[in-house]
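To keep things clear, I will list the structure first and then write my remarks on it.
Chain naming follows the written order as A, B, C and D, and within any one chain the residues start at number 1.
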């Protein structure tokens, strides 16, 4: 599964994207964030609850209960600040 | 029907207005909003990052919402990305309608939703010190929420 | 500080926007409204009459109200008079501010008050039949009244 | 006192302005309208209550109770329809 990072998440993790194999039992955005947080201390810090990180699954905003599956494009980023 | 663009280049407001009204005889009201990079606290530049695959799709959805909620004859949304210096325009929203209230409300709606539902992120580069990511403002969330409270 | 004009000639929106923002570094938001002569029911032309001695004074008061109610860096109101054909712009309102909500709200306010508190009268010339004076709409009164109900 | 008429009032009365001597006792916009209505059948019809005629005294909108005096510029017109 391709994971994308934007803005300060990209900077803190030192990467714009990474390939992650979805472990069994990980089926929602929230569970995926929990899994990603185990990958490195930088992940744990960037994806910690309270950081206000947002998610999009297949190019649509998605809340923590949104399903994720192998083959999805999942992006994590801070609250948007355009306009 | 909405015209949506994400680009590094500047935009020409007059040309966009002309394009939106060209050949139409049913437009009585044309509203516009231009967002401009402000000179705050020694700002040297602003860098706008976005999520390219998602951006136009998100803007198109926001514009479709506006077209569905108000009787618009058309609307234009242009958002710039990349490095912008103070005084440069960042975003343009145009709305055209037979009547002024539809054009003005839809213009405000588009900006409020764009501020909270389109994947752009601003990084400020001060004249001195390290760059900093602009933080989302609660007032923008409040402004966006008012359109879900009203029948609109 | 507001720029107020009543004229027969067309106006140049881009030039007016440039004039309002020239030399300023504190403008983050520029809103505009252009009212256009619509082609309704075989309209051939629209004649705008006004009360010359009173018009600029009334427009200046409305603009001062807007400047007092919102933190604008400036605003422009141009209203055309005389004979206009369908598709021609009638009125232009520009508002500039540090923030978008002030610019957008003030722009809507200026149009609502201008519609009800400035001495202009429209006469329509249909392609067939005698000219007819446009009647005031209650919805314009309602739109204007909302600004006296709110703290603004 | 100079009286101005605009839009359909001007057309119905066949004049854009006229000089009127303020009779004693006429001191408000409402009283002035009543007096003007006595000048001709066209005046009576154009200035009848219910026509929605508006007034400005010395370039400011003025209600029926607004004072008028010799030397004022008083204008009558329909509700405005600009913009």
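To be clear about the criterion, a contact is a pair of C-beta atoms (placed from the backbone, for glycine too) under 8 Å apart; a residue touches a chain by one contact, two chains touch by 3 or more.
Quick caveat: nothing in here was measured; it's all calculated off a predicted structure.
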Distance between the centres, which are taken as Cα means, of chain C and chain A, whole angstrom: 48
Centre distance in Å when chain C and chain D are each reduced to the mean of their C-alpha atoms: 26
For chain A paired with chain D, centre-to-centre distance based on mean C-alpha positions, whole Å: 72
Where chain D touches two or more other chains, by residue: 83
Contacts with two or more other chains, residues of chain B listed in rising order: 35, 100, 111
Chain contact graph, described as a line, ring, star, complete graph or other shape: line
Chain-to-chain touches, reported pairwise for every pair that qualifies: A-B, B-C, C-D
For the chain B and chain C complex, residues of the former touching the latter: 12-14, 17, 21, 25-39, 86-87, 98, 100-101, 103-104, 107-108, 111, 143
Parts of chain D lying in touch with chain C, wherever the complex brings them together: 4, 6-8, 52, 56, 59-61, 73, 75, 77-83
Complex contact set, residues of chain C against chain D: 35, 48-51, 53-54, 57-58, 79, 90-91, 111, 114-123, 133-136, 140
